[in-house]
Every structure is written in C-alpha cells, then in structure tokens.
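Common to both upcoming complexes is subunit A, partnered first by subunit B, then by subunit C.
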Partner chain A sequence: MLDRKNKPLLIFGLVVMFIILVPLVLVVITSFGNQPTISLPIKGFTFEWYKNILQQPDFVDGFKMSLFVALIASFSALLIGIPAVYALTRYNLQHAEWFQSFFLSPTLIPEIVVGFALYQTAVISFKLPLLISLLVGHFLLCLPYVIRLVSASMLILDPHIEEAAWVSGCTKGQAFFLVVLPNIKASVIAAFMMCFINSFNNIPISLFLNGPALNMLPTAILNYLQNNYDPTVSAISVVLMIFTAVMMWVVEKFLGVNKLVK
Partner chain B sequence: MRKRSAILLLLPAFVGVLIFTFYPLIQIIIPTLNQSSDYGKLYLEFLKSSYNQTVIFRTLAIALFTTLVVLVLGLPLAIWIARQDEKVRKLLSVIILFPMLTNAVIRNFAWIIILGKNGVFNDLLLKLHLISAPITILYTNAAIVIGSAYLFLPIMVTSLVGSITELNIETEEAAAVLGAGAMTNLFKVIIPQLTTGILTGCILVFAGTMTAYTTPQLLGGNRHLVMATLIYQQAMTLGDWTNASVVAIILIILSVVIMFAINKLMKKLDRRKVNA
Partner chain C sequence: MAKLEVKNLSMSYDGKNKILEDLSLSIQDGELVSILGPSGCGKTTTLRIIAGLLKQTDGEIIVGEKNISNLPVHKREFGMVFQSYALFPHLSVFNNVAFGLKMRKLDKKQIQEKVENVLSVTGLSDLAKRFPAELSGGQQQRVSLARALVINPQVLLLDEPLSNLDAKLRVEMREEIRRLQQELKMTAIFVTHDQEECFAISDKVAVMNRGRVEQFDTPQAIYQEPKTLFVAKFIGFENFIKVVGYDGEAYLTESNIKLAAQAKENTRYLTIRPRQIKIIETANDSENVVKGRIINRTYLGNSYRYTVKTSLGVLKVDDFEHDVLSRDEDVILELAVKNLLPLEN
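The block that comes next holds the complex of A and B.
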C-alpha cells in the first residue's frame, strides 16, 4: 500500500525533495566562492559578493522600487477589491457570478501580454507616466488574489452577525470595520501576502513597463545575469531567499503558512 | 438605494479591469485586423511561416512535456507527503512552499549553474566517466522543460496534497486486502479519485509554462524562442508592434482554448464518476 511504510514511495519522495532543494543550496554555496566567475566546488571563502551588491545601483534602487510598487499595488488591490467582494457577497446581485469571473479575467491573459497591451494603452494612448502604468499592471496582477481569497471567507461568514450590529445601532460603516473586517482578517492578510509576493517577484508585466529611471529588482537581476556570470547574482539571490523566508516566518506566526495556498 | 450602493462598491474594480484589461486588448486587436481589406490576412501570413510554426509547436511541446514531468514527479511526492503524520506533513509543505515563493529568476539561475557547459551536471558525468566531453544541455528545449518543471512542481504538489489528505485510506486498505499491489492501488484506486485535482494542476502547469517568459528567456537562449519571448523580440528588438500583437492574440486564444478543453474533460470525467 502507498502509505508511510512503503519503501519505494519513501525513496521516491526523498529523491524528489532532494531535487527540489539542491538547486537552491548550490546557489547559496556559489555566493561565497573566491573566483571571478561562478564555479563549483568553490575555492576560498569570501563575503566580497555580498558587498558588491551594494555597488550595483540597479540592485539597490531596484529593491526599493520593487518594494514600493508591491506595497502600493497590494494595498490598492485590497482597497478596491474588498468593497467589490462585499457587494458581490452581500447584495444578492443578479449577475454576481458574472462579475466574479470578470474580476478574475486578468488571470486568463498571459502576464507578458498584460504588460505589452498596457504599455500601448496606458503609456502611449493615455500618456500616463510609466510609474502609474506599472502600478496599474501590478494592481491587475493582485486583484484576482483579493477577489478569490476574501470572497471565500465572506461566504463562510454568517451575514446575521452584521445585521445584529446594525440593529444594535452601528452604522453600516461601523458594522463593517468593527464586525466584518475582524472576522475576515486572516483572509485579508493572506491576500495581501500573496499580492505582495507575486508583485515583488513579477517579471513579465514589468518587462514592458520599466525604463532607465524605473528599475525593478527581478528585471535588474535578469539583465545582470544575461551580461555577467559572477557570484554577485548568487549573493543577491541569497538575500532574496532570506527575505522570502522571513516573510514566510511572519505569515506562519500570524496565520499559518498553509492559509496562503488555500 | 441598496442597488446604488452596490454599484458604487463594484464600480472602481469594474472600471479598472474594463479600462486596463479589456480596452488594451481591443486596442491591440484592431491594428491586426485593419491592415488591409482582408481581415485575417496578418494571421494567415503569420501562421504560414515555417519559422513561426516551429515557435508555436515548440511552445506547445514544452508545455506538454513539462506537464508530464511535473505530474510524474509530483503525484507520488504528493502521496508521500499526504501520508505522513500531521507534523511532518506541515514541515514538508512549508519546504515545498519556499521555492514556490522564491523569485523565478533565482530558480532558473540555479539551473544555469547545474546545466551549463562547466556546470555541476557535466562535472558529475565527466567524473563518472559517462561522457568524455561536456554535453550541451543549457540553451536547449530540454533545459526549458527542466527549468519549467522545477518552477511548477511545487504548485502541482501543494494542490494535490490537499485532495489526497481528504481521500479515505480505508478504500485502499480494502483494495490491498483483496490483493491489489501498490501499483494497482495507485492506478485503479487513487488516481480515479483524484481526476479533478490532477487536471486542475495540469491546467495550472500547462497554461503557466505556455505563457511564461523568464524561463525560456534564461534557459533557452535566443535560438529557442517560444511565443512569449517572440512577443518581446518582435516588439522590443524588431519594433514590429503589430506582429507582436498577432502573436499575443494567438497566445491568448491558444491558452484559453486549452484551459477550456481540459475543464470540459474534467467535467466529463466527473460526471462519469457520479453515474458509476
């Protein structure tokens, strides 16, 4: 039987886990190598490449810009998405399901096409500044996560407790912020984290919407990697992995990492 | 009054998606149709070129192989994880989640280290005397499949672990008592109960691989373009935005049609299960 005691399954499981982890471990090892190009096994041991990250304005500015864009895009997706979810789940609208699919439709369009099309509409036709267009692109990436995760928990939440708050004298606004929001808090945080991580890591949308003065970290690493092959890339990768691990730890502390994928 | 406040709440999201998703799509479709009196001319010309046919075929083949690799590696791994104690299962799920949340560039870069001319893999084969000179793996279609499979494996595993945990293990015990071996159990008992989960995972992997830009760009090089990298090349390197739009539209149509087809298949298989 395929349970814990099945030997072939155990071996298979361990081998695949090994394949999943080893590539990332290799990246960590190469970041400490002494040679000017990436090679394994490494000779010597140095933190030089980590210092070199700070010498790369593309990486430093890119990190700040990616952080900024991810925060703004995630917050605006929550700000615009949550009211829409509330309307869809609480007003018995006639075409609620249609609206739901409409809001999820950006996921059906390949990310590279979102960036490509948005460049022509927002930047060329509407003459919007590049930064605004980039934020719009990342907002479109984030919105479906908010719609999906928050509406799942709104549907579970009993509408009567909100009505009870109205009867007890709360205005609609007070009832939402004092009663509804605390009850869907976990899904709002999960949605925010998914938005943030996906926006921060995104390349295809940013590809058409960045420029010399508007540098995102993932595209900066991509460009660097296409022109250089030194351990600076390994070092910045390790920094980003630590960043990811810290975020996962924070999520685990507050609501359990498994919430992110449910 | 009630209706008005509902509309007010929906409006920002609705207008945002309409103006910035649908309007841009219409805006890129129109120039591809208006080039001459013959509406589909640009599309026919594009599809007639044998170079473009190769790119489309490569895109589909890479997505197909990636999906197969991910399924073959992911399903047993998901079963193994799902059958652990809750504590171990949680730990393994977190370990799987970590690469999933790590930037795609980093995960592709790791495979450049492994698959390159002087990479870890060639080193290993040379030391084992299996080959006498380094073989080329990086910048081939195989490298794109390996990189994409690595990218999407965690997604398949996480989505399967959930549904396997919910399976009733007594069904398998019953099959085992009646003489079913592990393989029979896998194909006759476990997989039939998982069709929805497996096909959902396959949609995610297939559509994701098919439309991905980063992996084919980094691991495929310039000679192994797929549709996503072709869009970028047409627009940014050649400056032919209309042609890039043609590729973009074909890519959207292909991915939506394939997702729709797998969905249909899923519903059909599900109905059969209900009837049986």
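The block that comes next holds the complex of A and C.
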C-alpha cells in the first residue's frame, strides 16, 4: 500500500518520467513512419529510413570520425586527468585550489567560445592541423568530468591504505595500480562514460573545427536537417540511442564488476 | 626478527621546528617496546620514520647489522598496523592478508598455507571470504594484525592499534597482541598514549616528551622510579617539592627546609605518592617530618584524599588507616626517605 504522503511524490516522479520519455518514444515512432516528412500520427510502417542512413556517406563517415574522436579524447582525458587528480589530492601542492579551478575552467566557458578560441589560436595562428585542434577541443571538453568525478572518490579514499601497500612491499607505481585504481574504479568508469557521451554528441566545438575530411556525426545530422526533413534523422537518433546504451552496457560489463580488481 | 637500533634521530617537517631531537632507542631481538607520550610529542613521526614512510632529517636506523636509514619503505620488510587499520576495501580478508606474500612472488600453495595459518592464529578462519566493510572493528583490527604478521616481518610496528576499540575489547586485543608477539618472538614497537595499556604488555617503555625520550626503562622502573618531572607527572605522581641544593646529607627546599632523600645529581624536585605520606600522631625525631593543616577532604572509596597545607607547599595525602579527619585539623606528616624520589627537570 502506498503511504499517503508518498503519493504526491510518486505523481511528480511519473510526470517527470513522462516528460523525459515522451519525446524519445515519439522519435522512435516517427522513425518507422512512411510519410516523406517527420509527422505524427504515422500512416504506415517502413524500415526505409534506416536503410537510408547507410546511403548517406556523411552519416557513415561522421559516425566513424565521431567515434574515433570521442575515444581518443576520453582516453587522453583519463590519462592526463587521473595523474593530475592524484597529484592534487595526495601531495601538499601549493595553490592546489588554483590548479583545481584551472582544470575545471573549460566548464565555465561556453563551448561555442572554446570552439571559436581554438579555431582562432590553434588553426589560424599556429596553423595546427584541424584534426589535432579538434582532438584538443574535445579533450578540453572531457577533462573537467575526469577531474570532478575522480577527485571526489580520491578524496574519500583513506591515504593510509596506499602506505599499507608500500609497507607490504609495493613500489609507488604498483600501489597505484593494485590499490588506488581498483578503489576509484567506479568513478573512472563514470568519468569515461560522461566524456564519451559528451564528446560524441558535441556540436559547438565540432562546428568550428569542421573541414572537408573532418565531418562529425552531430554536425552531419545538423547539415542534413537543413536540407531534408525526413524521418532519416529520427532513425539515426534511434540508432545512436541504442549504440550508446549498448556501449555503456559493454563498458560496465567488462570493466565494471570485478574486472579491474583481479 | 632482529635487534633494532635507532640512533640520534632528528626530524623537522618544515626545516625550522624540530619535531624529533636526538632520539635514540635500542630494542633487543624479540622485545616489545612501547612508546608512551602525550598527543603531539612525535610518536607517530618516530614510527613512520622507522617504517620508511617519512625521511629523517638526521640519524640512523639499524636492523640487525644492517643500516637501513636510506632503504625505501617497500624494501624494509616491516609489518605495520595502522590506527585506522587501512585494510584494502576491494579485497577479501584472505586477499588482504595474502597481499604482501603476492608482492614477494611466493607460489600459490605457499601463500594458501601461510595465510590459512595466520588466519587461524588470529581467529579469522571463518571470515576469510568476507570484505573489510562486512567486519566489526575488532575483526578489522585482527585482519590488520594478520596482514602485518604474515610476512614474518623483521620488526612489527603498531601505531595506537587499539584506540578505535571499546574498553573491553582493548584489553582482550592487547593480550592477544602480546601473546602473538611472544609466540612468534617478534621485535615490536607499540605506540600508545594509554599508560595502563603500555605497562601491561611491554618489556620496556620509552616515555616521550616533545620529540625526546625522557626515560627508557622497564615498566616497573618507570612506575617506581621515574627519573624526570615530566615522567613522574605523566604516570600519576602528584606531589612535587622544588629543591635548590644538596648539603651532603639532605636536600634544601625553596622554603629552607631540609629533606633527606637518595642523593642524585641534577635533582630539581622531590616527589612522593599520596599514599606513601604517613599521618603520624606525634612529631618524633625522625627525618622528613612536617606539620600541616587539612584544607580539603575527598572520599575515594577505599581511602580519603586530604589536601594538606604545609611549609613544603600543598601536599596530597591518601589515608586509609586513621579515623576520618576533618577540615582545618592540624596533622603531622612523615615523608619516608625511601619513598621520596629525586627528579631531574
């Protein structure tokens, strides 16, 4: 039986769920509609738009490029971010809070400005290749997630357990991999997911660092929408939803429980 | 298992304040030595330097014949029990204990054997599969001890290992630690600020104050013959009489009274326990007799505590022989020569 007091809460929860889920459900429905424009209700059922995705080279190449950039950006953010967090929380650095703010600063600046600034400096002034600038942009996008999430779990980890590992015969490096990493694993995985999703879906930064051979999926979708309003966009959205969900499931499955421990 | 020698250790965290100054300790093979002292006197600092977790500013650490002053922590082969236990949260009890053996690359069978052995000695066999979060404080403490013991360390270091336990468990655990230490004939250092705890289990006690060892002796010697004012105060002496000189037979107090006591150089104070001051009926000719007036009385269960104002200053006297005396009564006190101890500053 429901507690009377909980009823408003339950209703509130359902309303929120409804608001979140309805657009998603509508997208799924429209992706199967047989009219040439996105419309509701659908009149007939077809897989045509899913087939059409593969006929758009922009989508296929964009997907590959976005995947590549998201993976590189996420991993490099972890590779730089985790040691940075370790140093910030374990050594009595002077002005540690300045470093902290510095690492988090990309979150304070609108992404569109980050994109523009990178375009101005990296591409125009320093004549860096577009791909490098794009990777740097996405790396900057990812880094704050790593710093925030990992330092939260690093701070609650008892520093004495590392010392216990050293006393037991571990070098500092071994202790990091055998004792620290397994205990902050959950936050590392969470950080990876946040990085990947945000990079993969990013438009503002990619918009400025776009080029002939550098076509990212979100910008490709945006371009496509400017010329066409057919359900292909719904179909690719559904594919992306499924892709992201599967990817997260795989990460959780293979890195999540017990895997990093052993 | 080896003799441990700490020679002239100095330590400063910031290059200015000396936390440890010229600290020396010599611990025989198989001895358990306690470091006793008030908060902030440098006990943990000393232990961490011995473990290699901190680098001393000056001084040497010698185990057996080997100078390990510059050996990194992971090569020292010591066992350490932390105040917070510091168990590895992601490993089972078995794997927590096996950790050090795996680092030493023992084969699986040996590890299994050694871990099982130490788990049964510490009474943890049934808990091998549990994780630290699923254990009580006392059980965690035992795992921490088992983890330190399993590598058969040259020296076992314990930093207030009992401070997180309740009173009853503390007594049980300290006896267990002592039993294991003696059974395995381990050299051990036990840090505590609890006097009773350290007297109960130690072969020797080093009383520390402000980064120095004030006295390093057996518990009996420290209890019966404290050498300095600090040690005497720390272990519960309450009467201190300042002296200004020695005339070859007796000490001269600030108020020009002669008190006979054992002659010793550098004596600044004389001390005596409250229950060793006798209330006598009539002044006799014997030495160290002083008149006084009771200014306060407290009931202590098996005795009365009188606060007596005398020409030597205010003295605390415990009496369980006489009838109850009351405030403002005049009394005659005898401070027997054999009970009056000379103290250095």
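The rule is simple: the second predicted complex is superposed on the first by the 228 of 262 C-alpha atoms of A that agree within 3 Å, B and C clash if a C-alpha of one lies under 4 Å from a C-alpha of the other, contacts with A are read in each partner's own complex, and residues count from 1 in each chain.
Going forward, a contact is a pair of C-beta atoms (placed from the backbone, for glycine too) under 8 Å apart; a residue touches a chain by one contact, two chains touch by 3 or more.
None of the values given here were measured: they were computed from a predicted structure.
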### Task
Quick one: classify A:Val250 as touching subunit B (first), subunit C (second), both or neither.
neither
#### Entry: Residue contacts on subunit A - larger count, subunit B or subunit C
B
#### Entry: Partner chain(s) touched by A:Met241 [first = subunit B, second = subunit C, both, neither]
first
#### Entry: Contacts of A:Val167 with subunit B and subunit C, given as first, second, both or neither
second
### Message
Going by the contact rule set out at the top, does A:Ile156 touch subunit B (first), subunit C (second), both, or neither?
### Response
neither
### Message
Let me test your reading of the model: by the given contact rule, A:Ile132 touches which partner, first (subunit B), second (subunit C), both or neither?
### Response
neither
### Query
Looking at subunit A, which of its residues have contacts with both subunit B and subunit C?
261
### Message
For the complex, give me every residue of subunit A touching subunit C.
### Response
158, 160-161, 163-171, 174, 178-179, 182-183, 261
#### Entry: subunit A-facing residues of subunit C, complex
51-53, 73-80, 82, 84, 86-91, 99-100, 103-104, 147, 151
### Summary
So, in the complex, the side of subunit A touching subunit B is made of residues 1-4, 6, 8-10, 12-13, 16-17, 19-21, 23-24, 26-27, 30, 38-40, 80-81, 83-84, 86-88, 91, 93, 99, 102-103, 105-106, 108-114, 116-118, 120-122, 125, 136-137, 139-140, 143, 147, 197, 201, 203-204, 207-208, 218, 221-222, 225-226, 233-234, 237, 240-241, 244-245, 247-248, 252, 257-258, 260-262
### Message
Under the stated contact criterion, what part of subunit B meets subunit A in this complex?
### Response
2-3, 5-7, 9-10, 12-14, 16-17, 20-25, 27-28, 73-74, 76-77, 79-81, 83-85, 90, 92-99, 101-107, 109-114, 118, 120, 123, 150, 153-154, 158-159, 162, 169, 172-173, 176, 182, 185-186, 190, 210-214, 217-218, 228, 231-232, 235-236, 241, 244-245, 248, 251-252, 255-256, 259
